[in-house]
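First subunit A sits with subunit B, and in the next complex the same chain sits with subunit C.
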Partner chain A sequence: MPTDWTPAALSDDIPAASAAPGQLGPHDLAIWRSASGRIAAWADRCPHRGMRLSHGYVRGERLSCIYHGWGYGEGGQCVRIPAHPELTPPEAIKVPVFRAVEASGVIWVAVEAPEAPPPEFPGFEAFRSLQVKAAPEALAGALGGSGLVVEAALGGATVVALIQPLRDGAVGLHLLAPEALGAAELDALSVAAEALRRRVEEGVTA
Partner chain B sequence: MSETGAMRDHWYPVGMTKQLTEAGRDTLLMGEPIRVFRDGGQPQVSDGAGRALPVIDRFGHVWTSLGTPAKDLFTIPEADQPGRRLVDVGVCRVRCSPLRAVENFLDIAHFPFVHTDILGSEPHTEVERYEVEIRDDVDEVWATKVKFFQPQAAKSAEGGITTDYMYRVCAPTCSVLYKTCPPKPGEWDVIALFVQPLTETLCDVWPWMALYDDDAEMTDLIHFQQMIFVQDRSVLENQLPALLPLDPGMEIPTRADMTSIAYRRWLKRHGFTYGAQLVAA
Partner chain C sequence: MILYDYILSPSCYRVRLMAALIGRRLDLRPVDFHPGQEHLSEPMLALNPAGTIPVLQDDGLVLTESTAILTYLAAHDAPAWLGEDTPAMRARVAQWLAFAQRLTDSAGAARAHDMLLAEGEIAALRGQATQALRELEAALSAARRRGEGFLAGNRPTIADIACFPHVALAPDGGLPLDPYPSIRLWMRAIRALDGFIEMPGIHRLHELKPEPGPMPEVIRKEKA
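Let's look at the complex of A and B:
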């Protein structure tokens, strides 16, 4: 069970009024952003019929399930059941909520709020996320470091690589690039990141 | 053997009669390999050991059982009325519990969200009270007096109407619905969902229809129903857990789910648990 912040997605990848799937250890997450920009990470399961909420839709400050339109607001509380518009949903209908905060363009999640805020990386900005089929140590090693936060040279730039352990033998690689990198340099970084992924994945299967 | 439980002694669809060839088709029934083929013109089914299984050819489909069915396959008397067009829609493979596929078929509250602007549309989302019973004489679940506003209820519908529905669960993985028939007021269109349980979390769904519709092309009728089911599949393959929970604490129903509640109760009562989860994992 992670007791610290885990990087789960990049802020730019979850625009206002959208939802996407994510992971935190054994938990499936629905990471979503309200119309006003608030980020949240909830259990990816509607309590009604088990549908993944990450397939749902956002209107205003609510996330609704795509199956029957049940709407959930603040704290995961069900606030609307379209089949019975006059009904006030019972308080028991609630989606489990995780902690979610944003720092340096990264969405960090946790089961319980860790004592310290997530790390900041001055001079860097979120660039791109990739999924790699490899163990966290193998990816960190290929980047020339160890642990889940690695400063590495990649594609001619110095980057911060945030490694997120995922289930089924995969990891999330969230890359932060130096601010004010030009388009050509960012392209080179992207190409290098994909080459790194291929190299690490081939190392796994070899 | 034991995990198939009481569902073993029931009938299941395993193919469309019209598509059957002498070479046959290898498929699965409740995890066991079977072969469906034609021999001397007659549909036959054999199990993995080559043993002949019982066969019924009805509603355009071949039906079989791994066990010893105590009763005949159900009938759909309305389907024999003259003037109806019988439509074999074909097969749709879905990575879900066969019981979840049936439960979704019994549900109207999802129409505005999953079949948007076809079988339902906002703000017409309300499900009015309807009647549900388990009919002990025939041992079937019935829902009646179901009403829902639909923008395009059927291929033949023009503009929105309030559609009346009746639902019937007549076998563990089979349901028949009756709905308002736009071209022939006073009669019901019949749409059935026959589900072949391949495994507990994989099924082949064979929709079948008996409609009063003289105008539509057969391919359009098939495409309409296939489009509806492909929309259902996007939900069915993303429900957690994959197995249908029979533990009442696992999922929270509302009044609109009365048919689903009765279906789950009926499954539990009979020990129809292949594709179900009895206690929370």
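Let's look at the complex of A and C:
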């Protein structure tokens, strides 16, 4: 279980009033942003019937389950059960909550708040998240580095690669690009990232 | 216009969705595709020897390819859905219509294998579908960088409608969409369109509707 912050998604990929699935070690996450812009990472399981909350919908400051509409607010507390509109849901109906903060356009998650805030990367901005079927070490090695944060040359640019271990033999690759790149340079970087993924995945199967 | 239709078919849903978005009423004729195999019955083969659905009939015209049907509906009622009338944009739309067939043959075949017991080499189908989904994700992320939310420019076209169903239903074929953030946002944009309709497995955006209020007094009394 990671004790530090784990990069789970890019801020731009989860706009206001939307939810997306994510992972943190063995945990499935529902990462969602309220209408006012607050980010949160919860267990991806509705306490009612176990439906994935990342399939749910956001109204205002609440995330609701797609299955029966149970609505959850601050701290994962159930605040509305549509089939019993006059019932105040018991306090025990609560979604487990994880830590989630944003820095440098990246959404970082943790089980318990680490002592230090997540790293900042001045001069870089979030570019793309890709999933790669490979081990973290294989991806870091292909980028010419090691560990889960690698500064690398890719597609003619210097990028920051944040590597997120995922289950089932996959990793998340969250790429940050230099702020000043133009559209054509970013396209070239995207092509280079796809080529990197092909190389790494071929190495795995070879 | 008569549509020979099967509720669980993503290709039929393409046509129903397109018609709903442009306000075209269709005369639906349900075909018992599974388990009845009615698409292979003599009357259906007389209409379409290829034995596929959907089939659209209108004024003596019989169309059996769903992307051709989308082209017909848009040209008939709402030409803006064909894409901007420039050589490049018309070609881009045509590219994506052909890509939609790749989705049918990979993600669609994987779903048919898993849900309707169709034959197929499932690992190979999922591999081809993953390749197609990665291409789509890359294209949509590039579109987002240019401030465009759809496959062929800034407005939805038949290209989006052709690709949407098999992508949205890919998880039914063992292809999770979790790794594709730009695809997720694109699907949201399509589901947010005026006139959007559902099919089993593809739901609308509940948040676009006002929250249902408390149940009326009379119903509560009946329940009590």
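In the analysis below, the second predicted complex is superposed on the first by the 206 of 206 C-alpha atoms of A that agree within 3 Å, B and C clash if a C-alpha of one lies under 4 Å from a C-alpha of the other, contacts with A are read in each partner's own complex, and residues count from 1 in each chain.
Assume contacts are C-beta pairs under 8 Å (C-beta built on N, C-alpha and C of every residue); 3 or more make two chains touch, one makes a residue touch a chain.
Only a predicted model underlies this, so the values are computations on that prediction, with no experimental measurement involved.
Engineer: Using the superposition on chain A described above, determine whether A:Pro82 touches subunit B (first), subunit C (second), both, or neither.
Structural biologist: A:Pro82 sits against subunit B and subunit C alike.
Engineer: I'd like to know which partner A:Arg99 touches here: subunit B for first, subunit C for second, both or neither.
Structural biologist: Neither: A:Arg99 stays clear of subunit B and subunit C.
Engineer: Just subunit B (first), just subunit C (second), both, or neither: which does A:Gly50 touch?
Structural biologist: After superposition on chain A, A:Gly50 lies in contact with subunit B alone.
Engineer: Given the superposition on chain A, which partner contacts more residues in subunit A: subunit B or subunit C?
Structural biologist: In the superposed model, C touches more residues of subunit A.
Engineer: Looking at the overlay, does A:His68 come into contact with subunit B only (first), subunit C only (second), both, or neither?
Structural biologist: After superposition on chain A, A:His68 lies in contact with subunit B alone.
Engineer: Considering only the touch criterion stated at the top, classify A:Arg59 as touching first (subunit B), second (subunit C), both, or neither.
Structural biologist: So A:Arg59 only meets subunit C here.
Engineer: Looking at the overlay, what does A:Ala183 touch: subunit B (first), subunit C (second), both, or neither?
Structural biologist: A:Ala183 sits against subunit C, while subunit B stays out of touch.
Engineer: Per the definitions at the top, what is the overlap between the subunit A residues touching subunit B and those touching subunit C?
Structural biologist: In subunit A, residues 66, 69, 82, 85 are touched by subunit B and also by subunit C.
Engineer: Could you please specify the touching residues of subunit B with respect to subunit A in the complex?
Structural biologist: 107, 109-110, 112-114, 122, 125-127, 234-235, 238-241, 245, 250-256
Engineer: With touch defined as at the start, can you tell me which subunit A residues reach subunit C in the complex?
Structural biologist: Where subunit A meets subunit C, its residues are 9-10, 13-15, 17-18, 20-22, 57-59, 64, 66, 69, 82, 85-86, 128-131, 170, 172, 183, 186-187, 190, 194.
Engineer: Which of the residues in subunit C end up touching subunit A in this complex?
Structural biologist: 134, 138, 141-142, 145-146, 178-179, 181-182, 184-185, 188, 203, 205-207, 211-215
Engineer: Contact residues on subunit A for subunit B in the complex?
Structural biologist: Residue list for subunit A touching subunit B: 28, 44-45, 47-52, 55, 65-69, 81-85, 87, 92-93.
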